[in-house]
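Each of the two complexes below includes chain A, the first together with chain B, the second together with chain C.
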Partner chain A sequence: MIQLAPHLFNGLTLGLLFALIALGFTLIVGVMEVLNLAHGSLFALGAYIALSMIDPAWAQETALGGWWLGLPITARYGVALAFAPLAVGLAGMLLERCLRPTYDKAPLYGLLLTFGAALVIEELIRLGWGTGEQHLPVPDGINGAFFFGGLIFSKYKIFAAVFALAAIAAVWVFLERTPYGAIIKAGAHDSEMVRALGYDLARLRMFVFGLGAALAGIAGIVMVPIWGLRPHVGIDVVIPAFLIIVLGGVGSFWGAVVASILVGLAVGITGAYASAWSLMSMYLLLIAVVGFRARGLFGRKSALER
Partner chain B sequence: MLTLSDISPRSTAWVTPQMLVLALVMLSAPLWLGPVGLYQYLGIEIAIWMVYALGFNLLFGYTGLHSFGHGAYLGVGGYAFGLFQHHVGTSLVGGLAAAILASALAGMIVAAAVSHRRGIYFALLTIAFGQVFWFSAIKLHWLTGGEDGLLNIPRPALDLGVVQVTLSDNLSFYYFTVAVLGLCVVALWRIVNSPFGRILQAIRQNEMRASFIGYEVWRFKFAAFVLSAMFAGLAGGLFAMAQESAYPDVMSLHQSGLIVMMVLVGGGLVSFWGPVLGVVLYFVARDVLGALTETWLLWYGLMFVAMVMFRPEGLAGVLHRLRRRPPSAAQTRPVTSGGA
Partner chain C sequence: MKKLIVTRRGLLGATAAATGIAAFNGPWKFNRVYAASSDKPIKLGLTSDASGQYANSGASDRRGMLMAVDEFNAKGGVLGRKIETVHIDTETTPATGSRVAERMISREECGFLIGAVSSGVANAISQVAQKYGTIYLNTNSSSPTESGENCHRVKFVWDGNGTNFAKAAVKNSIDSFGKKWLLLTNDYVWGHNTAAATRELVDEYGGEIIDEILVPQGTRDFSSALLKIQQAGPDVVAAAVGGDDQKALRQQVADLGMGDKPAWINNQQDWPDVYGLPLDNLFGVFGTTWYYKLDLPGVADFVKRYQAAYPDTSMRVPGNVFYNGYMATRELLRAIERTGTTNNIAVIKALEGHKMPAAERMQHHDAVIDPVTHQVQQTIYLATANRGAEDPDDMFKILTSSAPEAVQDMGAQGACKLESYADTPTLDV
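Let's turn to the complex of A and B:
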């Protein structure tokens, strides 16, 4: 009999991390009904920008760079975690500008455009940062491992899971408890009416896309110390995100969170019995669920079914 | 925006002028491929990918079902061809038949699950199934050789009864793939212009209306999916011969996305010939841009993004626009001669 508890714990942590990845994705799908296949590439972009901020290659030569490298890693990591997502958010806004011609067409075109954008971003990353595997440094305080109840736990995984929980809570508060969230949700529900009430829909969409992209960037910075940083890490990320959204139901916030944890648990538990096949379990889970409930667990009718 | 049904006229011809042009270009290719700086093997790749893309467009363009996991059937075809040669016997026809049957079977399993689905749910399920096939190909080491692939697949000779044609050199194999391509083009042209093809197009335009008329829509979606998978399987068998091996790489999401890009850039949404143009453009871009810069995919990706933004009807749509009479005369329905 295999000890199941650590695998359940691992699965739960993984689920929270998946939820962090899916947050930005579900925001954009919910409001704009665009499946942003570039989400994974924006995720990678965030991590690479953070890498350049924490440990810049040019820094040794200049005085400013020397001062920056002299700062403790915790400070540099904090700054990167705050500012790299902003840069990714700007990239997301640029992508939204490119998406505008596709709004009055079938959802396929938005999907295709973001697929092309993913390819472009990935190639730009190869051009800027090289093709090799890189390592994102993390503060010492959350590095390493500790023992609890006779088992080893990675401190960083705990940090990432707590961070993911905090981010989920923050996005929920923003969407449900602030006037901005109310406008965004109204825009998803009835964009015509929101425009009639005098809100600038174009700016709203740009903002939402920027926010979704920034969330992808944050997820990237938090996740890559666990998953490793390669230019094509994006494609490994966007597929689970995509899958979680459909599993949970397009446009449903809690659906995405629940689906993430389900997927995490499925991967964790299969990892206990057949580790080579653990990543396949999420596809089988999706086929099983969507085979019976076409709109996912908490889905409602959307334009994406056309 | 243009659609497939606008350009392509109802044609009962078995052979059209465009087919003759394609045949002329493909058959004369060995004469000029070298002098323009390309090579014979590229011609083989292009011919095989044309079979794949044209078959894919039956599903993607004509039926409007956006499969993003089509590489799986190409891969299954390749493995089936290789396994047939290794375990059953060295036979060209047998291998290709095995490739087509295996991918038809794989297509049937997936189609049974997806043919009741629409839009993004259809696309996502095809991705999920594609990943399952890809993942299995990597993990079932005893069957597929894992990530190393299935090696030492022979190129069996073509037995025409009176003569045996060896296909081991690239030139004769090229002519063999062109012959297969020719058969596929005629078959697909007949399919899309048959009543069956008309129903597929009706489903794309309005699935609900097609079902109100009384067609059992899912049966047609199922049939289109399986047919399309069979063409992919045939292409996969040919590709396994070309490479003399079969790898899981062609089944990855990345590769499945590339075929969508090729078909769209070429104009598969507006023309029967779109996939052909798209395949040629992709492979020429890969070799010409690839010789100039290592980041050719960046430029190809940028071109694709620009195309989706400004010319979503693709290369075939642009060509059609150029041929059409000036806008003043466009009030009357343009008389299309023989399709774009």
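Let's turn to the complex of A and C:
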């Protein structure tokens, strides 16, 4: 008989990682009502930029590069974790500029534009970094394994789960406890009023999109040491992220977090008892929840339901 | 109502017209002769994946085919005709494979189809190819069913299959590592068939399968499976996990330090899946059909030709997938040259039972195309990570080479029922 406890723990960590993946996606959908299908490509872009910062191919040819490679991997990884998402955030802002003409059109236009952007970014990655499998190095302190209860667990996965918790907390604090977060939420609730109060709505949207893209980049840097790094790695991101925001309720921050953990637990526990159904379990969970509650777990009631 | 009167003149006229049409088209299933002329190029349809799970391997496969085509074109083509290629992405998806095959045959007028990594895609393409009588070379998919129950008269399978690799590995591994085996299986046709072949051999050699963990295609997190493996405590894990799933699995097993214990037998290791990865990710014993450092005549020259043809590719040396793509295309073009025609039945007959000397294929043993299953019977190598190598590209350490007779898939011979020549539409391009 399989011991359940390790699988519950595994499902929980998996859920936190799903939350990290969905964080940027849910922010953009919640505030801007745009389904950003380029989320996965921005996820991959973050990982590739981090790779170029941690282990640059050109570094050995220059004195500066030699000095950089001489720094401990922890320092290089820390710098990459801080600056690569900024670069992805800038790419996100650029994408938002391209999206502007679609705001007053049917949602399909935005959907198609972000889908096209996803293909373009993926091809740019292929051109810039090649098509083959690559490896993102991580600091020794969070690499390797540890024993607990007679079983081996990955140190890195625990690090990634703790990092995801910290990222969730940071985004929540930003949205709920800072004036910037208040403006963003107000912009989502009543954009005309925010504009009337003198805030530049266009800049606000650009900032939110950039923040969502940066969160996608962070997720990429944290996840690829587990999943591996290839140009199309982002494909694996968009569907779970979309499923999570629908399950949690579109626009609900805590809905996305709770849905992520439920999905993680479903995948983890199914993996223990009926492994062939592990991926299917998240879709069954979605059907089970949305079948009874169409707006998802924490979704707001629509005007028709009141 | 007007009465229908059949006159003798009308009847004769109708009969003459029907005979004319029949003579032009032949019986309905033997009716495809493209507007052939001696200088019209021969068109090959390259059905390799450019996206999805096997995108990277598909690109390598395609490079192999194109190098063979370029070499023939540099010599003036085949039968005085240039070779042209058309590529459409099969997306690692069987339904797309069917659509691509239909389009290539009926709209692009491709006379031959080449390429596959996914067995599901290969099976889908070959069903369409058989319907039209178009010769199809399955270059790199290795489910035993491809040359077993899913074999076709028009299809030739160039890679070693799951049974070939399992035969090379299972007995030695039971003796070396232990009898308790666990199967870790990708939940699709190649995984299932490879696992079934391994299970049969483990039973035959006195081992025991204690569990089988099925992992869906597209799995990126293997932590549940790896926990289950630890809880089950097998001596050997026989993994039939391919493509991107395998890359993620390798990364996670290496991270946990589980690569040495239990012992891992990875049925086949495609070069594009591991090229450039840390050697820790290349744990266990695995099979391959070719390696760029085999100490055989012709290998070094082949590598040089690859590097000259593809100076910009990130994969600096060719692997098994490229090799299979190249060899399949070369042998097809040679068969057309030998027969002096592009007639499909003549070319099929030229390929069936065709012997390929070891020296020409840069392997340790002569190879032959089995006339019963249409699978190339060839040398199977077992390898492991080449720790301590100075050249970062020299990732494999070849452990053994098995002769084709020792690893032959007898099950496929029983399961394969090729369509008769008469039931295969004739085709000439």
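In this section, the second predicted complex is superposed on the first by the 300 of 306 C-alpha atoms of A that agree within 3 Å, B and C clash if a C-alpha of one lies under 4 Å from a C-alpha of the other, contacts with A are read in each partner's own complex, and residues count from 1 in each chain.
In this text, a contact is a pair of C-beta atoms (placed from the backbone, for glycine too) under 8 Å apart; a residue touches a chain by one contact, two chains touch by 3 or more.
Model, not experiment: these values are computed from the prediction.
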| item | value |
| --- | --- |
| Chain C versus chain B on the shared chain A, clash or fit after superposition | clash |
| First, second, both or neither for A:14, with chain B first and chain C second | second |
| Touched partner set for A:102, first chain B, second chain C, both or neither | first |
| Which of chain B and chain C A:267 touches, first, second, both or neither | second |
| Contacts of A:124 with chain B and chain C, given as first, second, both or neither | first |
| Touching partner for A:185 - first (chain B), second (chain C), both, neither | neither |
| First, second, both or neither for A:280, with chain B first and chain C second | both |
| Which superposed partner A:195 touches (first chain B, second chain C, both, neither) | neither |
| Colliding stretch - chain B into chain C, listed as 41-49, 113-121 or 275-283 | 41-49 |
| Doubly contacted residues of chain A, that is, touched by chain B and again by chain C | 276-277, 279-280 |
| Residues of chain C defined as touching chain A within the complex | 51-52, 55-56, 59, 187, 213-216, 218-221, 223-228, 230-231, 244, 247-248, 250-252, 255-258, 272-278, 281, 314-315 |
| Sites on chain B touched by chain A in the complex | 1, 66, 113, 116-121, 123-125, 127-129, 131-132, 135-136, 139, 253-254, 257, 260-261, 264, 295, 297-298, 300-302, 304-305, 308-310, 312 |
| Chain B-facing residues of chain A, complex | 35, 98, 101-102, 105, 107-109, 111-113, 115-117, 119-120, 123-124, 126-127, 235, 239, 242-243, 246, 250, 276-277, 279-280, 283-284, 286-287, 290-291, 294-295, 304-306 |
| Touching residues (chain side chain A, partner chain C) in the complex | 2-3, 6-7, 10, 13-14, 17, 130-135, 143-145, 151-154, 156-157, 225-228, 230, 232, 236, 267-268, 270-272, 275-280 |
